[in-house]
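Please go over the structures that come below.
Same chain, two partners: subunit A is paired with subunit B first, then with subunit C.
== the complex of A and B ==
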């Protein structure tokens, strides 16, 4: 019998290579695609990101193309930042909201030109984009199943690209976006806060790209990785993740589970002067009437990862919880992103304590450890921004 | 050229636009009403047929003019003269046993009591009681909880709701239960609970669905029936035609100091920093104002300001509004008074209904669902020249008929041939109750819902601008988040039938909108 509709997870074009490399056999579901949680061990993969070069398959990301005379207007109607200020050949982080100013999703906006954008994000967004573009002269195309992408991250990634014959990326600044070869677009972007690139090709050229990078990768310690190691790096970089640090509002079923960009700490990404955009009036109201929550970067005492831990003020009053917590091997700190009920986390930042449960050989102990609110990313390294990148 | 600055600009001089203008002008605001047509009045205008005969172009009777509006605007006072005659309703029967409803009571056309008079009485008592209860909500912006329980505005609104709840309890257990039982149900079941399926029942069913894309078996038609009974359910004929009503509203607006510009079409609404700033006319003239009120349909109002000024969800709601009109208008000039066997001259001048049973009304709606022309339409006809000889003269008469169940989206589209078919179906139906009437016709004017849309801008040619249904009333009229007449950019308001409480010549939508604007402190 012929299967008309594929059942189960869909394989990305890179699956043959990933499958062969996977010793851990740890697969997860990313937006309906099979994606590695880890291929080898989290530790090896994490240290490869920070000390070598790594490949992560980001093909499951949803990719949409917005084209047409009104493309810029549609993008600006969608996102909270001003896409008119994004230059051609640049990439920008963006968030977009529903009418109540709650974040629907965040993602990266790639600007080819004023009339041509690509939006990459976690959640399916096709119908929302169609609704956003209604009444405008713009076309929305779902490229999710046509474009494959690899994220090449780590301090040796530039050297690796040079060896792979892609030395043209040398002049690319962070968030630049170029067609380096026909059908091969490269952006200097990533989810690690480190030196890195993302490479975009039509599905048909995916394996060719993989093999090319892999062939050049040996001397540079290239390693394929899964999400688990990447997740540590993105927390170190202070990046938020949909479904972890905020609930994409269209997927939240309970009232009040949405969070605004202001509450997530992205006030600077909201441009109230650019004209109307979705949720603008609600966000203005929220700005006027006060935020309900603050998402902050925190350092937690001790070394026990505090994912999900409740946070107390004066050890008594519950004022928030950790949304993503991890032990950071590079900075040797116990770090996390945490959501506080306002005014805690912003107005009130002292005398905060995380409640951590420790299982000591079958016996549970509760500890209250101090919490310090931080402003800067936990992992900062100048190699991430140097242009041209320093050879390794 | 310097253009005058107004406090408020009203788009569309339909009766609601005029009511809004009058209400604002009475508070000392400078108001300019801009009307695309050469005359004000929208659906409540007269039309002049051959030989100078005046006919009500679209609407022909007053059902629901709100006493508050009448009083506040001084309609019927020397300032804005308006004279009306209460008409009995006559539900025609092919066997000549016509049912008559006079001041809410049922009788037979020959003067004998109607066998179901007692049951009808009790039903009307209940329904008008319920309608009055719901009517409390019609003179204010509908309650919402948007501001949260801590806000004073929300609490004031809740107080209104609490009063409704209290009044509901005060009705007594039996009536309260009945109210809650029937509120969202269908007219067909409700009516047939107490009445035989005949002309009397048919009259109520027809009143429940007039102008609606619904049959009496559709859910929500008890609500629309109560809406129709808001002022007791009677119908009044304005002397001088429906145009006299428009003229009264216009006079009230002018007397209050509002300016009315006819023959000028608004191309778009200007906004500055998310605030309404005025309008641009088709000829390029800019008129600035601190607030703009639109008496157009909700979608048209949105497009005038530009969809980009609305959140995606709001645009989606506007796009999905239900507004398929089903009421067509046929005006006939007759060279003599027609004969309806079994009707006295007094009753012939009444509101004549062709709705011989609830089943008939339901079946009439069947073809409508599929975009087909009904062969046996529901008709509400009136011969104003019998009451008001001045409109015709020379022994001639005008028969004005609202023909129901006529689809806006007729398969094959509305062209001259389709209108001809509609006229033929109307005459064939009338002929059953007034044999020989076709031979008296010297002229006819046929307006399909599409024609009505073209002439007035009412979306879908819809009687209420937007279907009255549970998904489009009160706090969700015209749509969720827009119930307080505020319409996108600050200072932009919806003041037409598409807003709460809905259509009919009530004047409430316009008045409420103006009051909300004043309350919001926009001016």
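== the complex of A and C ==
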């Protein structure tokens, strides 16, 4: 054992397989791990998600275990929703705030039992969890470097699991989570809005899992993918991403950059009836005094993606900006998530315009195109929820 | 007839253009009926299962031209349409080599250089020329063709648009454009490339569906017509409709019905009802009559006016122009159910380009000879084919591990010659089998085990396409895409605005501007024209309005 730490990006247990598949040689930094931006092309990886089945290595996610007699109480102190309503063997989306009601991060909460939870998220959270658990009879363990995970997403993902001998997932409903085999936990979750699963194993069993899925993948069009393709799907599904659609408040250097769950559109994920939780008082105040911002789903006119575009009311007054914008190849719409200064985006939703700059081979053109506020996810398909899932 | 049989508009034929027009009209608030002779909708954009477990795109088989403005206006993805791009393609030669068209530009450059160092740079220049031509023509797709003789402000406006676009090209480029629109694909490729295999690979797009050879003037434009589509803005890219081409028609049908429209299948139009120069409705083969002041025919212009309209209602010159409209059947098709993926011994195992369009033509000369056979009324003894295996990408087309292959064949005549007599009825079990054998022989050049992997094959000749789909002579474009039949001459001079000599009667299929392919532009343009003529153009909204 050396005391010296490695310099640069380190590898997840799946890297040998990803490395061998990469023709694009496009790597990004995800929490200090090397992670593919794309392995082949974004276009074909994207369509594999929406048409076939795909593997994305989510091992770099931060994973924490909360155990002990008070585990549920700690979780409920932490997150804004009521974890008591989450049944054993279920997964729930959750957000958590500082005492000002500003979102620290969002993630998925896996409930083994009332005394055992796992929390997965983008940001390092160990210290905050320790702070939150202080005075409770609960233990926090950082499992980030012990558990490897793969996200298997796409309409043929169930058929593939069946062929890989994991047909036991058939009766799992969305957000169910089971130990399908010893040391292999499967959740019916994902970041695509499509049919999909996440598979969790100890690091030592990672490659065995990869090879097993890969061997069954041929007839189902299995393709390994990078973040860029996934990002299109998550915008289509209307999911927010830390660092894009909100700034995790613990990482923001400037004051006032934090946003509350209410401002991000997650009022339903805040349960004021469950007792105290971090940020409760501040959120109650905000609910009473009014929100400062509205994060909304929008459709944008024209065919040019609008990432980063400023949004104007009556083409004059600047009232917001696009936080994630993309051309949606499946819905054939120009879609985005956008943050508006209240009351725009909620109270006032008409006469909104996005200012898009387009570089056409060295010539910049400015376009003002209409913005329509939407309520539903852009991508909705019944195959995502069917139980048992359909073959494709 | 009861009150319920009266409509604001009737569309005859549930092809993709008829359905597109019907959607726009219904969304504009009209009470619209679509009548269709087959028991299913879609015309030549259909998915049918003829062998259990397999789905064929029986006629049209790839998607690119479908205008995204229309897809978006009609929200077709909401009704189940998903277009999935495919990558690349290849041409296999007899000597066991191949030329692969790679979607990765640098890999393509390396591949071209492998065959000819000269052609590697030439390809970029060729692409630039073709894409510039595409950029010039694309704005016209969702506009009416200008009428150069009309003094109506709108026609003058359209003409000015054409002149402005043309003027913007400059003298040299405009000259090149006119050359390009009238020259042969063979001459055009000879100007750019030296390698026969590469030339043959590209030339296919200039003859597909066309009763012309690679050295016939006008075929360069046909190539342009095939290149000017896009998938998500990538000009020239092609894709599959998930679930086959019927997914397009089914999405249009669902959109139409949700907009309040009615579709009646199972009986075709016997005749268009005309009274005193005005259309009044349609009479179906089964005797039913439906009435409406607007009737739009999705049938080709020949079928519409020579078979289903009383000649007493039509000016003689018009009938003459319709009769001379070129609509020659030149293509056949095989849809094959495969037990397993065939081997392609020449290609690297699992090469991505095998998921694209595959061919076996080796030179322009060979393609020209294939055309010679067709002129004589025979199918090409050494045919050109455009072959794809969509089930490698689309899991819905065949059982897991099995595959579906589509083979578009150029050339096959409509009126087959047997014993000195040319007739469509010469296509029988024996001749169709011999035609298929000839195609299988050629397929073996790419995949020698193709016969042993085949479990079922549907053989389609131009005659079959006419009988089933209704396309005259089985011409896939509802009329040749040559300069004499384009823009303000399509389908016939003087009637290029979707109108006809009969008041209230319209042409909405690919016989009209801008022509064939699963583009839906003629349908949308015709709907716009109809609504304008009845003073309701304000009711049409969206990108195609």
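Following the convention adopted for this analysis, the second predicted complex is superposed on the first by the 389 of 392 C-alpha atoms of A that agree within 3 Å, B and C clash if a C-alpha of one lies under 4 Å from a C-alpha of the other, contacts with A are read in each partner's own complex, and residues count from 1 in each chain.
Just so we're on the same page, a residue touches a chain if its C-beta (ideal position, glycine included) is under 8 Å from a C-beta of that chain, and two chains touch if they have at least 3 such contacts.
None of the values given here were measured: they were computed from a predicted structure.
Superposition of the two structures on subunit A leaves subunit B and subunit C fitting side by side, clash-free.
Taking Cα centres throughout, subunit A sits at the apex of an angle toward subunit B and subunit C that amounts to 160 degrees, reported as a multiple of 10.
Judged by the touch definition given at the top, the superposed model places A:87 against neither subunit B nor subunit C. When the shared chain is aligned, subunit C comes close enough to touch A:329, but subunit B does not.
Contacts of A:276 after superposition: subunit B is touched, whereas subunit C is not reached.
By the touch criterion stated above, A:314 is placed in contact with neither subunit B nor subunit C. In the superposed model, A:390 lies in contact with neither subunit B nor subunit C.
Judged by the touch definition given at the top, the superposed model places A:25 against neither subunit B nor subunit C. Look at A:99: by the touch rule set out above, it reaches subunit B but stays clear of subunit C.
Taking all C-alpha atoms of subunit B against all those of subunit C in the superposed arrangement, the shortest distance found is 45 Å.
Listed in rising order, the residues of subunit C touching subunit A in the complex are 68, 71-72, 76-78, 82, 84-85, 87, 103-104, 231-234, 242, 392-396, 400-401.
If you check the complex, the residues on subunit A that touch subunit C are 23, 41, 43-44, 47, 50-52, 155-156, 159, 163, 218-221, 303, 327, 329-333, 391-392. Interface residues of subunit A facing subunit B in the complex, by the touch rule stated above, are 73, 77, 98-99, 128, 131-132, 134-136, 275-276, 278-281. Every residue of subunit B that touches subunit A in the complex is listed here, in rising order: 274, 303, 307-316, 319, 481, 489.
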